[in-house]
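I've put the structures underneath this note.
One chain, chain A, appears in both complexes that follow, with chain B as partner in the first and chain C in the second.
Then we have the complex of A and B:
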C-alpha cells in the first residue's frame, strides 16, 4: 500500500518485492474487471460506499482464496498472495482498516506505519515537528526489527542508506519535471502525469533507475518548454487543475476536453513528491526518511499559517498550485467511495474563489465504479464552464491577480 | 413526579443541551466543545473548564454544512458542523477535536477555518497502540496542556490533574453501575432513558453530572415503572447514536436494548484512567489503548509471522462476549451511519466473531435521519422473529 516513501525504501533494501492493491484497483477499473470484485465484497458484507480500491481488493482476494489460485480473469496476471501486508495510517482510514479486514481471507502478518497529521498551529508549536519526526523514525525502527524477524535476515544499513538517497533523487527529478509545467503552453498534461507518477508513488522498481527515467522526462519536457511546445494538439485555451483521483476507467474524457483546448497542468497534491529538502547532514537513513515523509505532509505549514489557512495539507497547497501554475479553473471530482479525496473539495472551491477568483467545476464520479461517472453529462457542462472561466479571468485581471 | 427528579432533569437536558451551559457561562465558567471520545476531558476539568460534547441533531435538516463539507461524509459530523454554522454552538469558548477518524480529523480543520472559535486545539491521536505510539500520545497531550493553560491563564498542576482523573473515574464507575441496572430481566432502565442520561452527562461539569447520576441510580432502583419484560435482549454496536429515535424504534418492538457498544454509551465510559505518578501517562494510555473504538488499530500479536484470524477476533472483540454473557444478550444489532468507514470495514469481522459465539446479528445502515427509520423497523422486526424462534 502506498506509504509515501516511509516503508518502501526499507522493503527494497531488504529485497521484498511490493505489489500495490490500490494501483491494481485502478488497473481492474481500466480493464473493466472491477465490477465483479466490487459485488463480491458487497456480498461479503462490506458496505458499498467504501473505498473502491479496497472493495476491489477484498472481492478479488475472496475470489482468489476460494479458487485457491489467481483468478483466471484477473487483468495483467493478477496479484499474488502476499506474505506481508504493510498498511499505513497516512491520509485515510481505509488504508489500515481495509488491510485489517483482509485478515478474513489471508493469514499474512500485518504492520501499520504511522504518519502524524498535526494541525497547522499544533504542528508549528515548539518541539512538535521534531517530536513527530522522532516518532516516525522510532516506528520505522520497530518495523525493521519486525521485518528482520519475519525474514530471518538482518538489514543491510549501507544498502538502505543508498536506497533512501536514490528515492529522494528520484523524487527530485520528478519534482523538477513538474515544476516545468508552469510554462505556457504547459508541456505536460495530467494524463501523462498519471501514467508517470506510479513509479514514484508505487515504488515497484529500482528508485535509482526511476531517477534516470524522470531525468530523461525532465530533459524532454525542458526541450518542449524551450521550444514552446504544449501538451495538446489544439492551442492551450484554458489551464486547469484536477482534484483528486481521476476516473481511471474513463480517461478518454480528458482527450475530449483536450480537443477544446483544456490543458490540465497540475493535479492532486497527494500524488506529488515533496518539495526538495536538504537532508545531507542527516546521517541516519531512518531519520532522513522520517523527515522526508513528514516534510511531504507538513512542508506547506509555515506559509499556510501566514495565510491563516488551517488545513495545511490537502487544502492549502492548492492555493499555491493554482496561483503558481496560473490555472483558469479547477475540476473537482468528489468520489462517493472516498472521503479522503473528497472531504476538502468544497473548502478548496470556496478558498480558490475567495482568494484567487478561480472557479471550479464539480463532476461526481468514482475511481473504480463505472456506474457512478457520467462522462457525457460532464462534457455537456464544458461550454458553460468556459464562459465562467472567461468571466473570472477578467475579474482576476481587474483585481491585479496577474493571469 | 417528584421521585423522578433525576430522570426528568436528564431528559430536560437531553432535550435542550445548551441551557445549563448558558447558566454556567453566566457564572463565569468557560465551556469547551469537544468532538468524539478522544479529547482528554480530565485536562479541561482540572483547569476548571467545562467540557461539552459536540453532537448533531437528527431532526434538523442539514443546509449550511453543504457549502463546506461534501454530502458523502459522515452525516453525524455534517449535522454537528451544520449546527455550529447555524450558531447553535455559539456559546462555546473553545473547541477541541482529535484524529478520531479521517472525517473527524478533516472536519477539525474545516471547523477551525469556518467558525474560527476563540480557542481551538487539535490532538493528532495516533492509530496504533505500541509503546512508541503511547509516548507520542503523551507528548501530544503535553502540547494540549500548553494551549489549555494559555486559555485558562494558569498552570495545570499534577495534583489538580490527579483530582480530575479521580472525579472522571468516579463518574465512569457510576455509569457502569447504572448499566448494571440493565442486567435484570426486565431491565430496570430502558435503552432510551439510558441514552438520555448519557447525553446529559456530556453536557454538564463532571461533579454535577455525577450528582445527577447518583440521583438517577437511586430513582431507578426504587421505581416500579421500568420497561416491561420482552423476549429479545439486545446489544447494539456501532457508530455514534446521539438521538434516541433509533433505540425508541427498536424498543417499540418486542425487544429491550440492554447493552451498547457505542460512543455515547459504554464505549465512552468503560475504561478508567490508571493512577500513575505522572497522570499524563495514565491518560495517554487510557485514551489510546484502553478506549476500544475501531478507529484504533489493534491486533492480537503484532510480532507473529502469520495471522490467526480467530485469535485476532477474540483479541479485538472479546469484550462483546463478556457483555453478552453479563447482560444475557440474545441478539446483536450492528449499526453504522452511512459513509462511516471505520465501522463499515469492521462489520463483517464483528459478524464473524458473533457467528463464532452463536449470537444472531443484523446490520443496519442509516443516514442519520428520522425518515430512514421506518424501513429499518421492518428489518428489525424480522430479525426479532428469528430470535424468537431460536432459528440461528
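Then we have the complex of A and C:
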C-alpha cells in the first residue's frame, strides 16, 4: 500500500519486492477488468460506496483464492500471493480495515505504519513537529525489527542509507521535471504525469535507476520548453489543473478535451513528490525518511498559516499551484468512493474563486468504478465551462492578477 | 441559398422532447414545434424539423445555419454545429429576460442552475445522474395516480395544506404516495407535497451558485404552476417564467446560429455551408 516513501525504501534495502494494490486498481480500471472484481467484492458483502481500489483488490483476491492461482484474465500478470502486507495510516481511512480484511483472505502478516498529519494549528507548536518525526523514526525502527524476525536476516544499514538517498534523488528529478510545466505552452499533460507517477509514488524496483529515467524525462521536457513545444497537437487554449485521481477507466475523455485545446498542467499535490529538502546533515537514514515523509505532508503548514488559510491546510497548496501554473480553470473530480480525496474539494473551489478568480468544474466519478462516471455528460459540461473560463479570464485581467 | 434572409434554426434534442425553433431574418420566431424524443425518435429529429419547416413555409436550404443542442445533439445530421445545452439555455434566458442573473431549468431527466452575466454563462450546477425531482418524476407520479401530466399542477394548487414527502427518489416517492393514499390523505395535498419536494431539491442545488435576482425558471417542468409557486416560496421572491419555457434551449441554439451567421457575414466570409438532407440520424451502432 502506498506509504509515502516511509516503508518501501526499507523493504527495498532488504530485497523485498513490493506490489501496490492501488496501482493495480488503476491498471484493472484502465484495462476494463475492474467491474468483475468490484462485483466480486460486493458479492462478498463489501458496500458499493467503499473505496474502489479496496473493492477491486478484495474482489481480485477472492477470485485468486477461489481459483488457487492468479486469475488468467488479470491484466499485466496480476498480483501474486504476498508474504507480508504493509499498510499505511496516512491520509486514507479505508486502509486499516481494507488490509485487515485482506490479511484474513491471504493469511499473511500485516504491519501498519503511521504518518501523523495534525490538521490543527497546534501542529505548529514548538516541539510538535520534532515529536512527530521522533515517533515516525521510532516506528520505522520497530518495523525493521519485525522484518528482521520475519525474514531471518539483518538489515544492511549501509544499503538502506544508499536507498534512502536514491529515493530522494529520484523524487528531486521528478519534482524538477514537473516544475518545467509552468511554461507556456505546457510541455507535459496530466496524462503523462499519471503515467509516470507510479515509479515515484509506488516506487519501481530500483530508485537509483528511476532517478536516471526521471532525469532523462527532465531533459526531454526542458528541450520541449526551450523549443516551445506544447503537449497538445492543438493550440493550448486553456490551462487547467485536475484535482484528484482521474477516472482511469475513461482516459479518452482527456483526449477529447485536448482536441479542444485543454491542457492539464498540474494535478493534486498528494501525488506529487515533496519539494526538495536538504537533509545532508542528518546521518540516520530513518530520521531522513521520517523528516522527508513528514515534510511531504505538512510542509505547507507554515505558509498556509502565514497566508491566513490555515483552515484549508489541505486545500492551500492549490492556491500556489493555480497561480504558479497560471490555470484558467480547475476540474474537480470528487471520487464518490473516497472521502479523503473528496472532502476538501469544495473548499478548494471556494478559495480559488475568492482569492484568484479561477472557476472550477465539478465532475463526479470514481477512480475504478465505471458506473459512477458519465463521460458524455462530463464532456457536455466541459464545453459549457469554456465560456465560464473566458469570463473569469477577463475578470482576472481587470483585477490585475496577471493571467 | 438566399443568405440575405439568414433564417436560422435551433434544435434541442432533449431526453423527453425534441424542440425546433426557427428565427426569421430579424431574429423573430417564425416557427416552433415539439415532438417526443423517445427511444425510437432519437434518430428522427428530421421529422420534427420537417414539421417546423412546414410551419415556417421554408425549405431546409433556406435555413442559413442550424445549431443542435441537448443530450442528443450529436444525432442531428443536418445541423451545422453542436453546442451544449447549458450554453444554449443561458443564451435563450438572456434573450427573453436581459435582467436575468440566475436560471433554473428542469427538463425531462435533468435539472440545472445557471449563473448568467451579460448573456454569458459564468457558472452552473447540474443534478447528479439520478432523475429524482425532474420531469420524469412528475410523469411517474401522473401514471401512478391515473392523471394527465397537465392536471398535476392545477390540482395541487387546490390543496388546503400539504403533506411532507420525504424523498424525491422516483421509486421511493411512488411508494410513499401509495401509502399516503391508503391512509386517506387528499390527493391535492399529496401532490402539493410532491411539488414542494421538487422545489426544495432544486433550490438547494442552485443555492450553491449564490442565487441572484432576477431568477428565471425554464424547461418543461416550468409549465407546472404548482412547481413555479413552490419555487417562489422556497426562494422567497418572484421568478420569471417565459411564455414557452420548453423552447428556451432551442431559442438559445437558434440565436447562437444567428450570431455565427452574422459574424461570418460581418467578417466578409460566407456562412459555412454544407449539403443538407433531412435524413434520419445514424447512431453509433449503425456504423
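Heads up, the rule we're going with is that the second predicted complex is superposed on the first by the 398 of 403 C-alpha atoms of A that agree within 3 Å, B and C clash if a C-alpha of one lies under 4 Å from a C-alpha of the other, contacts with A are read in each partner's own complex, and residues count from 1 in each chain.
Throughout what follows, contacts are C-beta pairs under 8 Å (C-beta built on N, C-alpha and C of every residue); 3 or more make two chains touch, one makes a residue touch a chain.
Just so we're clear, the structure is a prediction, and the values are computed from it rather than from any experiment.
Assess the superposed three-chain arrangement around chain A: do chain B and chain C clash, or do they fit?
Pair status: fit.
In the overlay, answer first, second, both or neither for which of chain B and chain C A:209 touches.
So A:209 meets neither chain B nor chain C here.
Figure out whether A:69 sits in contact with chain B (first) or chain C (second), or with both, or with neither.
After superposition on chain A, A:69 lies in contact with neither partner.
After lining up the shared chain so the two structures overlap, which partner does A:39 touch, if you call chain B first and chain C second: first, second, both or neither?
In the superposed model, A:39 contacts neither chain B nor chain C.
Between chain C and chain B, which one touches more residues of chain A when both complexes sit on the common chain A?
B
For A:350 in the superposed arrangement: first (chain B), second (chain C), both or neither?
first
Quick test of understanding: once the structures are aligned on A, what is the angle at the Cα centre of chain A formed with chain B and chain C, as a multiple of 10 degrees?
Given the fit on chain A C-alpha atoms, the answer is 80 degrees.
Once the shared chain is lined up, is A:387 touching chain B (first), chain C (second), both, or neither of them?
Touch partner of A:387: chain C, not chain B.
After superposition on the shared chain, which partner residues are touched by A:374: those of chain B (first), chain C (second), both, or neither?
second
Give one of first, second, both or neither to describe whether A:219 is in contact with chain B, with chain C, with both, or with none.
Neither partner.
Pick out the closest CA atoms of chain B and chain C after fitting on chain A and give their distance in Å.
6
State which residues of chain A lie in both footprints, the one left by chain B and the one left by chain C.
The answer is that chain A has no such residue.
In the complex formed with chain B, which residues of chain A make contact?
The contact residues of chain A facing chain B are 44-47, 49-51, 54, 87, 89, 91-94, 96-98, 100-101, 103-104, 106-112, 114, 116-122, 125, 128, 131-132, 135, 138-139, 142, 146, 149-150, 309-312, 314-315, 334-336, 339-340, 342-347, 350.
In the complex of these two chains, what residues of chain B are touching chain A?
Within the complex, chain B touches chain A at residues 66-70, 72-74, 99, 101-103, 105-110, 112-114, 120-124, 126-128, 130, 132-133, 135-136, 139, 143, 146-147, 294-295, 297, 299, 302-309, 312, 336, 338-339, 341-342, 344-349, 351-352, 363, 365.
Show me the residue ranges of chain A that touch chain C in the complex, using the header's touch definition.
Where chain A meets chain C, its residues are 359, 362, 364, 374, 376-377, 380-381, 383-384, 387-388, 390-392.
Where on chain C does chain A make contact in their complex?
Listed in rising order, the residues are 71, 83-87, 90, 117, 120-126, 128-129.
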